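Below is one structure, written out as structure tokens; comments come after it.
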Amino acid sequence: MSSEALVLFFIVGTVLVGGAILFSWYAAPRSYNPVKFEPYECGIEVNSSAWIQFNVGYYLFAIIYLIFDVETVFIFPWAVVMKEIGMRAFIEILIFFFVLVLGLIYAWKKGALKWV
Amino acid sequence: MNVIINYFKDIFQGVWSLIQGMRVTGYYFFHPRQIVTQQYPENRDKLVMFERFKGEVIMPHDENNQHRCTGCGICEINCPNGSIEILTETVINEEGKKEKRIDKHIYHLSMCTFCGLCVKTCPSDALAWGNEFEHAVYDRHKLTKVLNQPGSSLKKEPKSTAKEIKA
Amino acid sequence: MEREQLKEAIARLAPGLEFPENAQLTEVLAPTAGFRDLCKALRSDAALQFDYLISMTAVDYPDHIVLVYHLHSSALGHTLVLKQKLTDREKAEADTVSDLWLTAEYQEREVFDLFGVHFNGHQDMRRIFLEDHWVGHPLRKDYVDEINIIER
Amino acid sequence: MSTETSTLNLFIGENDEYIINMGPQHPSTHGVLRLELALKGELVERVVPHVGYIHRGIEKMSEKLPYPQIIHLTDRMDYLSALMNNEAVCLAAESALQVEVPERVKYVRTILAELQRLASHQLWWCAFGMDLGALTTFFYGLRDREKILDIFEESFGSRLLHSYYLPGGLMHDIHPNFQKRVKEFLKYFRKKLPEYDQLLTGNVIFQNRVKGIGLLSKEDAISYGVTGPSGRGSGFACDVRKHQPYSAYDKVEFTECLHTDGDTWARYKVRVQEMWESMHIIEQLIDNIPEGDYTAKMKAIIKLPAGEYFQRVETARGELAVYIVSDGNKTPYRIHFRTPNFSNMFVMSKIGVGCKIADLVALGGSLDLVIPDIDR
Amino acid sequence: MRFDIYDFTSFTQDIDRLLQENLTPFWATVAELTIVGVVILAFYALVGLFLVYAERKVCAFMQNRLGPNRVGPFGIFQTIADLIKLLMKELIPIKHADKILFNLAPFIVIIASFMAIAAIPFARGLHAIDLNIGVFYVFAVSSMGVIGILLAGWSSNNKYSLIGAMRSGAMVVSYELSVGLSLLSIVIFAGTMQLSGIVESQADGWWIFKGHIPAFIAFLLFITASTAETNRGPFDLAEAESELTAGFHTEYSGIRFAFFFLAEYMNMFIVASIAVTIFLGGWMPLQFGGLEGFNTVMAYIPPLVWFFLKVAFVIYLMMWFKWTFPRLRIDQILTLEWKYLLPLSLINTVLIALVVLLGWHF
């Protein structure tokens, strides 16, 4: 099948989840108790929203990841033709990797790879 | 250079330690004979509790429906949480004398902590431990039990015998 | 250290200390005034070094409350029972030792919770076990709870 | 100082901190302990423990009970070292009455205490592994603990809450099979304990998770009164068995396991080492249990002479001290239990600061808390 | 209609022709899609149910216990019973939750796994879509599920969930790289990104054997990194039950929770399938040079059996990890990736390029 059939998979997934949830919505018993709808926090009444500023702590990782991920995308086409081109491709990728690794070492030494 | 050697050494040692752990779980995976699970309701017939198992307090009766409880109330005093109540009645015996006799030895299993002081302190060895452990009931009032069976009477015997049994 | 030596060493630290006889361990009854200074000295004195507060509790008597501190020296291995008598049962107050022995912070909270002894200088004087709105102090002898305490 | 200005009692949500409640219904607090955490991302900035969810007033209840009946309440403090708790009250009463208990009782008490310690450490080991996410440890630990519980069950009919001791001795004699079964168990467990090491101790992930976490200095350990394996991990020589021997501990050879690092790893090592030591102690005693009575001659109603009595006992988690004030009656005037977990737990508010949530779980696991023991 | 269990190309073509002949082109397409949809749905459910059962049994045996054994013989219907139970459970609407995102999250995780399955070749000619950039596509789609997890955690209005979601975010920004680089190393060998092409290139031997040690290292890296991608095993700190009660799906109940659960197992299956396709020769039988008799016997085993046996092996490996190791901490996860796996992957890629260049592989 052609790649348009991906839509089919999308639809099948949606139908599976939607259908099951609908079925459950009708089939499952329901009872009302105001306490039940509270978010769970180990049985203690929740006093503050969960949506306040939150220190995710891996911001720098995310940035480095972004760089590397884009590089990976560049490497993929190279990988396909590596066999055909041979030596030249190898040297080119060595240079490419050298720059990449240099960046990684720089980040490492700068302490960017340290969880804060 | 040392840094690089140590770096790879770390990796190999780490992976080796992981393999050590996987060996243990892998060993048990391929040795299902070592499984220790007891399939409880199925193995009821084979399931024998230890003779000293503290399941519940019982009052042994002999074949003549006789027990040894005199109704002295020592177990009631010695129970830390009041799970034993003793109701006595006064009856006139064959000799025409008034005699205090046990009417009901009430045992609240729901309050019992299985400390064993009643069994230990009973002067006439009327109480013992039963091996029953399936106590679950739907109504908690069923956990209140009368230990002396209906129509039972006190076993008359010289005190020395009771001591012998205990020893 | 022998009992007598210990008594001598402690008697040097502060005046007005009583040493009850016939006690299982070396016992000192200290006056309420200057109790904290005595504790400080007991902790820092080179010959005593009571650095480990095993237990701190109170005993409620009909007309007074006694605070009991069991002290131990981890280096020298001797034990001491230190006591102070709070005569005002209704408004019992004592000095805190929670900065000398950090464990006292919580033991004092327990005593506050269950005996109602307020510790001056304690940084977090709250009930520890019971709820904040609980009325009364359960371990006192005159505490009444008709529902849960059943007299036999 | 009033509560408003206190640094510890900040209200939830104040200062835009991420306040999260860990417990009372949380899988890794091993009971109903509530830790109020202030987080900054994953980092814990403040730990405020709240206890008392299962406060039962054992001390108040005990004031109304005769001494033999108090013993069954002590079971329910630290339920994993029930026998040692029983022993503490018994020893206090015996020293007050100046009763000399038979040698047999001393030996049996020591062996049982060590078995109980083994069982407790096994449960700690498997729960600790589970705290760190290695669920398999849980089943291996429980599997081996079952053997000890079987020994207990055969001898005195109960597996967890024993109430086996009475002032003056034991409630009844040990089972004739006792020695045989203990020896069988030791043989079995000596083979299984190295497996524990393979599975968890040597594991590189595990070591990274526990090393350098929750540093507790010796001074803090003493000042906070952190005893037992947790205190010994910090180098605080607090083993009552060694320093104030009771029962038959003066007759056996054993080393007090001390580590000076004070981190979670040190506490772990102390406990694993203690398992070996416990086995060593039992092996010295098990063949030499003297014949004799299982209890000293006691009066029917035990009345302690007026006075104050203090008895320290080493439980699996640390030092349990019983303080009894008697006025000569058959019930104590006041009884106080200095329980090990009470002091061990509150140190979390100090050493938990600055570690991550996952570390806090590891740290709590390494302190080996039993919550009923804190609340009493 | 012929049916050759060694080559499904003719089988699918036959069905296609049959439909085209009997129906109008539009309805033929509709019928075709319906058939494929139903087959996929059935397959998906079957794999999910089996994997849940398998995991329970495997972990039970490792832990010295029996595992489910009450519903049906050896408890094989346990997961079906669980599914019915979960279907009949109440869907609890959480107060103050972000309703739309909260409901959307299970859709995303399930759809992401469906999309990934589309590209996997199960046997010759038996695949939904044979993309020419298959590796790249799988690499892209398999990381989409994390968005669902992030949404679930964020929308629940629960602090544990949020922390769990953030953790899974941290993981996906790291392990994606190692997955990519280790897949890439085989692309260098095969010279194509088409998944079926990669399998065909392994007819004379699997890449894990042909590629010497670098390919084996790449396999290990892939297994490690993809275990992390699927939030499993020692990397399950997005749901870390001992720390965050249940992490990102704390607030999900009933069938909604079941979908997260299912997605985890399906992701495991997908990851294992990719590992099998790329490293372990897909549907290709085990072949050794020189052992003619052995090779013939092996070649007689149908490719579907080969494929699923290999997948089962890889999944068993992942379960083995999960039930042996303690969980890593968040900073250790990142350290492991950035200081160990990533440099190793880079070095390994260069090594493989070198091996290819010098023609050292078979």
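The letters A, B, C, D and E name the chains in turn, as written, and every chain counts its residues from 1.
Operating definition for what follows: contacts are C-beta pairs under 8 Å (C-beta built on N, C-alpha and C of every residue); 3 or more make two chains touch, one makes a residue touch a chain.
Computed from a predicted model, the values in this text were never measured in an experiment.
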Where chain B and chain C overlap in contact partners, by chain label: D
Shared chain contacts [chain B and chain D, defined touch]: E
Label of the chain whose CA centroid is most distant from the centroid of chain E: C
Which two chains share the largest set of C-beta contact pairs: A-E
Centre-to-centre distance between chain E and chain D (centres being mean Cα positions), rounded to whole Å: 45
Separation of chain B from chain E, taking each centre as the mean of its C-alpha atoms, in whole Å: 51
Distance from chain D to chain C - Cα centre to Cα centre, in angstrom: 24
For chain E, residues contacting two or more additional chains: 62-65, 159-160, 245, 323-325, 330-331
Shared interface positions of chain D, touching two or more other chains: 18, 20, 26, 42, 136, 143, 199-200, 203, 205
Overlap residues in chain C, where contacts from two or more other chains coincide: 152
Every chain pair in contact, whichever chains are involved: A-D, A-E, B-D, B-E, C-D, D-E
Chain E - residues contacting chain B, complex: 58, 61-66, 69, 320-321, 323-325, 340, 344
Chain D - residues contacting chain A, complex: 12-13, 16, 18-26, 34, 40-43
Complex contacts: residues of chain B adjacent to chain D: 13-15, 17-18, 20-21, 23-25, 36, 49-50, 52-54, 78, 80, 113-117, 120, 129
Parts of chain C lying in touch with chain D, wherever the complex brings them together: 22-25, 27, 51-55, 57, 59-60, 68, 70, 74, 77, 79, 81, 101-103, 105-107, 110, 114, 121-131, 138-139, 149, 151-152
Residue ranges of chain B touching chain E (in the complex, touch as defined): 11, 18, 21-22, 24-26, 28-29, 32, 34-37, 39
